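Chain nomenclature is as follows: A, B, C and D, assigned in order of appearance, with residue numbering initiated at 1 for each chain independently.
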Amino acid sequence: MKKIINNPENVVNEMLEGIVKAHPKYVRRIEGTDVLVRKTSPIKGKVALVSGGGSGHEPSHAGFVGKGMLNAAVSGEVFTSPTPDQVFEAIKAVDGGKGVLLIIKNYTGDIMNFEMAEEMAELEDIKVKHVVVNDDVAVEDSTYTSGRRGIAGTILVHKIAGAAAEEGMSLEDVQRIAQKVIKNVRSMGMSLSSCIVPAAGKSSFELEEDEMEVGLGIHGEPGTHREKIKKADEITKELLDKILEDIEIKKEDEVAILVNGLGATPLMELYIMNRHLHKLLNDKNIKIYNTIVGNFMTSLEMAGASITILKLDDELKQLLDSIADTPAFKNI
Amino acid sequence: MKKIINNPENVVNEMLEGIVKAHPKYVRRIEGTDVLVRKTSPIKGKVALVSGGGSGHEPSHAGFVGKGMLNAAVSGEVFTSPTPDQVFEAIKAVDGGKGVLLIIKNYTGDIMNFEMAEEMAELEDIKVKHVVVNDDVAVEDSTYTSGRRGIAGTILVHKIAGAAAEEGMSLEDVQRIAQKVIKNVRSMGMSLSSCIVPAAGKSSFELEEDEMEVGLGIHGEPGTHREKIKKADEITKELLDKILEDIEIKKEDEVAILVNGLGATPLMELYIMNRHLHKLLNDKNIKIYNTIVGNFMTSLEMAGASITILKLDDELKQLLDSIADTPAFKNI
Amino acid sequence: MISNTLLIKILNNIAITIKENKEYLTHLDSVIGDSDHGFNMNKGFNEVRQKLEPLQNKDCGTILKNVAMTLISKVGGASGPLYGTAFLKASVVIKDKYEISEKDSIKMFDESIKGIISRGKAKQGDKTMLDALIPAYQIYKDSINKGNSIEIAISQAQKAAYEGVEYTKTIKATKGRASYLGDRSIGHQDPGATSSYLILKSISDTLNNINK
Amino acid sequence: MISNTLLIKILNNIAITIKENKEYLTHLDSVIGDSDHGFNMNKGFNEVRQKLEPLQNKDCGTILKNVAMTLISKVGGASGPLYGTAFLKASVVIKDKYEISEKDSIKMFDESIKGIISRGKAKQGDKTMLDALIPAYQIYKDSINKGNSIEIAISQAQKAAYEGVEYTKTIKATKGRASYLGDRSIGHQDPGATSSYLILKSISDTLNNINK
């Protein structure tokens, strides 16, 4: 295992300390917890957004704490949902009287832990609602599975719901907006290499020199299938096709796209994918309103990428455009 | 070679197309060249900044084209300095009458090609000056070497000289400021793995599972020496110590620090280094005015990191604080 | 009959068992999950172990409630809330009691499983811990009802749990993280079913050694 | 005497030689540099080759000037400006001439090297292309001055260049990218010296085959 770490058991704590030292104008840590909140919390009269999940997805989620996005991020161990008490601490720290929206990614563990926190908060009369992001089309959404996973599309939920909260909308409205994003966002990923969970010390899976794993999540879990590695343009098409099988996007529809790196993929490769993604969408007469390229929802040192497509309407467009100022996502 | 690319010979061109599609509000490409300039160029009455170098260091340099930083970025082949005609095109496209400053990293090839472009521009009566960034303390700066290399510290030259240009300073003043940054900035890097130049198709060097390469540059060249891999805190100390051997930083001095990832290093690890870097500097009573953590000057899919320290004075502090709005670096 | 002192001993031994199997559980989770089951379970039970000392003379309900809260706040992931809920439900059955009777133990087992089901919405055959726990519970109940001692019943139960673990190898996961693998999950044993088996096995070992 | 037609042929063959040695040069550069020497040289000379056709009937000065400009605008890195400058300086010597005399050729070689030195500020012993070119030039000059033909002189020169390449293995790089390696550069041959040798070898092969 080649990592710049000290002790696998301390990575989350030391990382959080490093984040706070890097971004003191944005975040502070609730003492005794793994919760980072905006420097000035709670903010009165504004719905607060709390997200989180296992660590190892940096800059998710702490990197998105700031104006126009999250109020708090809760970090679990690497790839492990945080515990309910931690989420509860986050809720208490950011509630400004107008209620708190939990943004949960669709994993059994995340849902159970966040819901338990919600139950705890309700006992203390804090208004809490939640949404579950499930953008990953690799997994079929049926009663015979745990449903689609939440992956990179989550960033767009943070951005847009965050903008809605910033505008002073009610908890119900912010939840409705978040749900609208979730209903219209889809992602699909692939990877060229596995990642190494620090505490496990070895690769989560092995790939041959000429293989790629398609339809994988962001926790080092294997994907839906394995293929011979293809050219960037073919990979891009394969991911997009799978997305468009799942959601109807018509000619003249407007979309936001996100080409997300999983951690070890050079930006060069993400831009090469982006180039072809634009071509493919242009060919279909789908209008690209907004493009985001970078490492936003990573999986430690995994090499690979995901594509996210969000179908927009006027309300979503306006919220996407509004100002965001967080360590990892800024919109001026 | 595992990469999301089409053809190794087209990576730079396709990447540049992808960048323009991703950031149309920031950059456009000068047709027939590998030069990206600000969307609105030239800007009258303002000194223009041109930087560039081989590709493979993304987001350097195109990612820093925008308000408060560069006016143009010239991209060579992977790890190959761009040719003089390309640099000349950039100069012509951005000169707004107040002159152009070339920001060159100290490599034989970069210097020769940029200087030839400067000679071409002078023939056409465009006022051009240049500075040479040489922040890498791994290499001794003596008459028996090519001198220290330019690495991640370059970003701080872009930021600060860019701010000076934005304020309307003269070419001489912008050059003076850039030189002040160069005089006060030092970096040192290490890596856990090599990178693969697409056209070469295989790793530039091999490292054992328990080895790290110390003092290496950003072109996949081997470093000054090899060591057994150490803990993050020890690595951080080793890099910092080497920097502080080279530049005197006294108690109460104020510095900006940059913990830069080389491409495949998870942000988690950069933050863990940042945590200890803060501790080490605090212990020495050196004041950290500003912290930047992320992938800014990369080396394709190399795993590793560098530390940069910039000694500040009031003028540099004010320029560092001013607004920047580029695809890869935003300061609100 | 299980006294509060014996309960403490059982819990201590479970923690040791989990620790010994940390790498094993993580390895199983790396194949069809995300490589954290061993690490997280150990983190939780290690904390449980450290909390046992001051609970020495407390009633069994209080002891188990503390275990539950510790697991909930230390394990995380899917297994944290599930095991936490299981222990919490069991603790309610023996609130204020200093001894656990045979009858109590059936109820505790039953309530634990119900808790896991209501929290996780899974059922037998989904390739989860339930595939070890449900058959184990059925044998346990039958055995006690036939008049067997807790020692004998739990020994039979852990064998059934083991078979349940083996059974998980033959089926496709339809709940939890392994479900993303679809058919590719077949052939691999479920980490949570395995930790459930290890817990029952540890209880059985403790009880049967003591009585020997 | 080298005619403009023969010059075109020489340049064409250099381009072929560089193409054949693309991987080799890149490999050498991967050991002590940044893995691009073969790729870049080939990119430049490939472009040169495509430009030769319309230059067929031009004077030698024009031909070489075109080669120089192509290398400068296509190769990049350290070798682009250096080889570009070398060809540019050589072209000046034979401006407007349709034939290159023995005496011209000495002057061209000399000016090329001076151009490389003034552009790159390196000297013999720095482990660069100069370590192949300078000894080659000295032998070449002596040989022509002794009354030998260009064919014989260039054949001796390429051998000296080869020895220069071998010599680069024994010394530490103090210029260019390999200098960052310090003592670790010792034992490895310089890619630029190697490409210089290959160019001279290719010229020699072309001339000596033709005259056979």
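Note that in this section contacts are C-beta pairs under 8 Å (C-beta built on N, C-alpha and C of every residue); 3 or more make two chains touch, one makes a residue touch a chain.
Just so we're on the same page, UniProt names per chain: A, B, C, D = phosphoenolpyruvate--glycerone phosphotransferase.
All figures in this text were calculated on a predicted structure; none of them were measured in a lab.
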Between chain B and chain D, what is the separation of their C-alpha centroids in Å? 32
Report the inter-chain centroid distance for chain C and chain D in whole angstrom, where each centroid is the mean of the CA atoms. 76
Can you compute the centre-to-centre distance for chain A and chain B, using the mean CA position of each chain? Integer Å is fine. 29
Viewed as a graph of touching chains, is the assembly arranged as a line, ring, star, complete set, or other? line
Touching pairs - complete list by chain label: A-B, A-C, B-D
Touch list for chain B against partner chain A, complex: 2-7, 11, 14-19, 21-23, 55-56, 58-59, 63, 192-193, 209, 212, 229, 231-233, 235, 259, 263-275, 278, 288, 291-293, 295, 298, 300-301, 303-305, 325, 330, 332
Can you check the complex and tell me which residues of chain C touch chain A? 26-27, 30, 32-36, 39-40, 43, 72-82, 119-120, 174-177, 179-182, 184
Once bound in the complex, which stretches of chain A touch chain C? 54, 76-86, 107-109, 112-113, 116, 138-139, 144-146, 149, 197, 199-200, 202, 204-205, 217, 219-222, 224-225
